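Two complexes come next, and they have one chain in common, subunit A, joined by subunit B in the first and subunit C in the second.
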Partner chain A sequence: MKILVCIKQVPDMESRFKPNGSGVWFEETDLAFRMNEYDEYAVEQAVRLKEQLGDAHEVTVLSIGPDRVVEAIKKALAMGCDRGVHVQDPAASLKDPWQIAAIIAAYARDKGFDLIFTGMQSQDRGSAQVGVTVAEDLGLPCTTTLVGFAYDNGTITAKRELEGGVKGVVRVKTPALVTCQLGLNVPRYPTLPNIMKAKKKEIEAIPVGDLLREEARTATASFHPPAKKGGGIVLEGEVGALVDQLVGILKDKTAVLR
Partner chain B sequence: MKALLIGEYREGKLLDTTYELCGFAAQLGGESAMLLVGSEGQLPDYGGTLYLADAAACGEYNPDLHKKLILETVARENPDYVVFVHSSYGWDLAPRVAAALKAAQVSEIVALADGGFEVGCCNAKMRRTVKPATSKAVLTIQAGAFPVTRPGGTPRVERLAAEGSGTLEFVGYEPAEAKGVDLTRAEVIVSAGRGVGKKENVPVIAALAKALGGELGASRPVVDAGWVDHSHQVGTTGQTVSPKLYVACGISGAIQHLAGMKKSDFIVAINKDKDAPIGEVADVLVVADVLQFAPALTARLAK
Partner chain C sequence: MDFALTAEQKEFQRTVREFAERELKPGASRRDETGEFPAAIVPKLAEMGLMGMVFPLEYGGGGRDFVSYAVAVEELARVDAAVTITILAHTLCAGHIFAFGSDEQKRMYLTPLARGEKLGAWALTEPGAGSDAAAIRTQAVADDGGWRLTGNKFFISNGSRADTLVVMAVTAPPGGKRGISAFIVPADVPGLTKGKNLDKLGFRASDTVALTFKEVPVPGANLIGEANRGFAQAMEILNGGRIGVAAMALGIGRACLEESIAYGKRREAFGHPIADFEAIRWMLADMATELDAARLLVHRAARLKDSGERFVREAAMAKLFASEAATRAALKAVQIHGGYGYTRAFPVERYLREAKLCEIGEGTSEVQRMVIAKELLKT
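Let's look at the complex of A and B:
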């Protein structure tokens, strides 16, 4: 079985964001980057599937972006993926979800993957489009938002998470694509021996120009902070003083403290 | 301008989010039509044209078939926009429709913007203004961002036949896990988020909840990591609460968490990040390390 996992590298969400020179995305200097949280579940599930099926089965991890994304690929390799693909694109952040999906589909089209895993969305863009669009482009069945995954003899039994904690159980035959939701599994931490082993694994580099033929279907006009609704009080300072201030406010404004 | 609204129906019920689509359409202006895979017995309060397919025959989750029904309707109505709620139904189906129409998709719209749409990004910390570059566009709207609007009237129903199967087999629903704690009745809820750092720190938050006479709540990552049981989770995939006081400890304020608690009477957030989006809904944002602040507050309340 051939498995593909698609991952994105995103900034730490606790960072401060400000527009870059283009005005349509964030300034990258001073940001720390990591693997998109949703994709960590995708990588973990792919590696678990390989462990279930045996070593003859291969997991490829793909990421699109500037050179820094190789770090995310290396982490996935250290978690147990077999080989990496880096689609080199310094301007990936200017591509829309349709173009990102088209790049992945162009790479995967003639490779005969039996199963493709993606995160359900990225933490920075959050469009939740790429996985499903790749599947449509490749003509693969697809289901999304997985919090449960089981594979047996060509059939996936997936649990989709719906609103209010209800789950929908879906069966689908491979080849297929699934998108992973938070909590699908507990992603492993790479161990030191596995990090060392990962250094020997191949990372193929492909210039994005070899894969992308599509024009963007949306344009970003601006990137900006939300308009502050205001109203809320912000308390800053030394802890003891903060406690006094908050207790005062709670006594004043709520019936909870007397 | 014309919008085709894709209504929502699950477990035999028309969902209220359908009326958020009407609220969006009202802001958009122009005409609308609606498509619903639902049932004759539960027609929406909507006076326009309703394309109706029978969920019992089509399946509630059968994206291949639902996509086909939408494409048929698009061919008849020729709308400028096909609009979904950004929900487990909408985000699953919208990209399939966009791909088939070779149309732009704009996801999780929170507001209309000059010539385009405003969407959230970077975990709700920032916004983008996005414009479709194709003549038709597929849109999904953020749940809760547009007012629930019941246009009233009786729809003019156009029945759609359900033909064909799909590549997915829907086996059935699994109910949400039994609620061990009914947070909806609590007057005070103190919730732990990922900012509490580790499982060993959860008792610090539980102690504050106790000192305030309330219950312990939690954000999703805290539940996923097994620090707190799922029955304490607040948010779209947990419980929706509106206590007199909600204290968010080390919670960033993602939309899915806010959806579960923003109707609380009074909201206090404790966060070391002054820009955390929880500040948007908080009445008081205490900028502090929660592991220092929470025990200090607990001690003060014990006096």
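Let's look at the complex of A and C:
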């Protein structure tokens, strides 16, 4: 079985984000980068599947971006992926989800992957489009927001999380693509011995120009922090009237009493 | 000397820091309170590769340099010093076998220690012999091709938890002159009794016990190196150990500084965050300066060790300065936290109790000064 995991490197979400000069993305200097959280679930699940199936099966991890994304690829290799693919693109943040999906699909098209794992969405852009678009591009069935995964003899049984905590179960035959959600698993930490071993694993570098043939279909017009909120409201008057006023506000302006 | 960490060392640092935050931080304060040994943590340290960082890959170690070891120890001690000292004591034991043991001894004892499958302890100190380590009285009497050990050891870290002990004892071969030799002693031998964890000021979750040897049989094959060379071996092991304790002190000191900065920004008095006040700022500045100086000393000693040069004076300086800087930082951290700092609600009181040990264990500050002066006055 050939497995592909697609990962993105994103800034640490506790960072302070500032719009960059062009105002369509954030300033990257001084940010610490890490693997997108949802992609960690994808890597973990792919590695667990390999462990279930045995060493003859191979997990490839792919990431698109500038040189720094090699760090995320190395982490995935230390977690247990077998080989890495770095699609070199210093301007990945300017690509729209359509283009990113097209790059992945172009790489994967003739490789015969039986299963592709992606995160549900990225923590920075959050479009949640890349996984499903890759599936569409490759003509693969796809199921999303996995919180449970089982594989047996060519069939995936996927537990999905729906709105309001409702769960659904989907069965899909490979080849297929799945996107992973929080709750699917607890990603392992790369141990120091495994980090050492990962250094010997191959990372293939492919210039983005070799894979991308698509123009962007959407353009980010603006990236900005929300407007600063005004000060709080101070209610004054009789207690009874205050309670009515407060309940009214909580009903109208918040979800607390709905 | 270039003090910048390599990309690999930085990645290693980040990995250890994340591990410490995730695995050690949640229980550190509770373990300090209950004094429970971090038994469930040790297998995690082993899996992570933290029990044998500096030993070669062929013996199950991590193949890291001593600078990386110092970096890792600082990161671990920043979060949980009691767990850290467990690694330090273990490393003395494994390091002794690595430095002076035979190939056979390394295969048999070092490999499981470096892999973290077994826990090690190193037994030199006795009730009547601390700084004056040459005054130990535990006897190893030659007996039928092997030895029988009798005597008392004290303040032995990991002593009751270890699977493998390295024990220093007085040997007096028939007709030969008195010396000290080092032995590998499996912890399950008859005649060895282990005391309870001592009721200590800090490092309460670390296992620190008395060991009593009564005619403990040790095979001849378990003598490390030559007979009567054990004291010189032990002194060399302690030189490396001092870098470990210095790095541990540095970690505790850094925790004090980080907590103080966070608290100083948050806590308000007289309508300002207290970090606005000069009195607090000066304390923070002094802490940071001393800790940075300590780190340079620690890394200098580690780099000398890595390059195979003599580092006796440098290791003693690092240990002396880092441990005293840590205690000063901890005192300031408690002061900055005011009344809250004196309670268990904040970790700085624990850091103070932990920092103090660094001035005592593995050679007191006074011994470090003696070592430094002796090195200076050598012709």
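Convention: the second predicted complex is superposed on the first by the 231 of 258 C-alpha atoms of A that agree within 3 Å, B and C clash if a C-alpha of one lies under 4 Å from a C-alpha of the other, contacts with A are read in each partner's own complex, and residues count from 1 in each chain.
Just so we're on the same page, contacts are C-beta pairs under 8 Å (C-beta built on N, C-alpha and C of every residue); 3 or more make two chains touch, one makes a residue touch a chain.
In this text the structure is predicted, and so the values were computed from the model without any measurement.
Colleague: In the overlay, answer first, second, both or neither for which of subunit B and subunit C A:K95 touches.
Modeller: After superposition on chain A, A:K95 lies in contact with neither partner.
Colleague: Who does A:M13 touch here: subunit B (first), subunit C (second), both, or neither?
Modeller: In the superposition, A:M13 contacts subunit B only.
Colleague: Of the two partners subunit B and subunit C, which one touches more residues belonging to subunit A?
Modeller: Between subunit B and subunit C, the winner on subunit A residue contacts is B.
Colleague: Examine A:G164 and indicate which partner it touches, taking first as subunit B and second as subunit C; both and neither are also allowed.
Modeller: After superposition on chain A, A:G164 lies in contact with subunit B alone.
Colleague: Mind working out whether A:L192 is in touch with subunit B, subunit C, both or neither, as first, second, both or neither?
Modeller: second
Colleague: Thinking of the overlay built on chain A, is A:P141 touched by subunit B (first), by subunit C (second), by both, or by neither?
Modeller: A:P141: touches subunit B, not subunit C.
Colleague: Once the structures are superposed on A, label A:H86 by its partner contacts, choosing first (subunit B), second (subunit C), both or neither.
Modeller: In the superposition, A:H86 touches no partner, neither subunit B nor subunit C.
Colleague: Is A:K50 touching the first partner subunit B, the second partner subunit C, both, or neither of them?
Modeller: After superposing on A, A:K50 lies clear of both subunit B and subunit C.
Colleague: Which parts of subunit A are touched by subunit B and by subunit C alike?
Modeller: Touching subunit B in the first complex and subunit C in the second, no residue of subunit A appears in both lists.
Colleague: Quick one: in the complex, what on subunit A touches subunit B?
Modeller: Per the stated touch rule, the residues are 11, 13-14, 16-17, 24, 26, 96-98, 120-121, 123-129, 132-133, 136-137, 141-145, 157, 159-173, 176, 182-183, 186, 215-226, 228-229, 231-236, 239-240, 242-244, 246-247, 249-250, 253-257.
Colleague: What residues on subunit A touch subunit C, complex-wise?
Modeller: Checking each residue of subunit A against subunit C gives 71, 74, 189-193, 195-196.
Colleague: Any idea which subunit C residues touch subunit A in the complex?
Modeller: My answer: residues 11-12, 15-16, 18-19, 22, 47-50, 53, 57, 62-64.
Colleague: So in the complex, the part of subunit B that touches subunit A is made up of which residues?
Modeller: Residue list for subunit B touching subunit A: 10-11, 61, 63-64, 86-88, 91-92, 94-96, 98-100, 102-108, 113, 115-116, 120-134, 167-177, 187-188, 212-213, 220-221, 223-226, 230, 233, 236-238, 244-245, 252, 265-266, 268, 273-275, 277, 279-288, 292-293, 296-297, 300-301.
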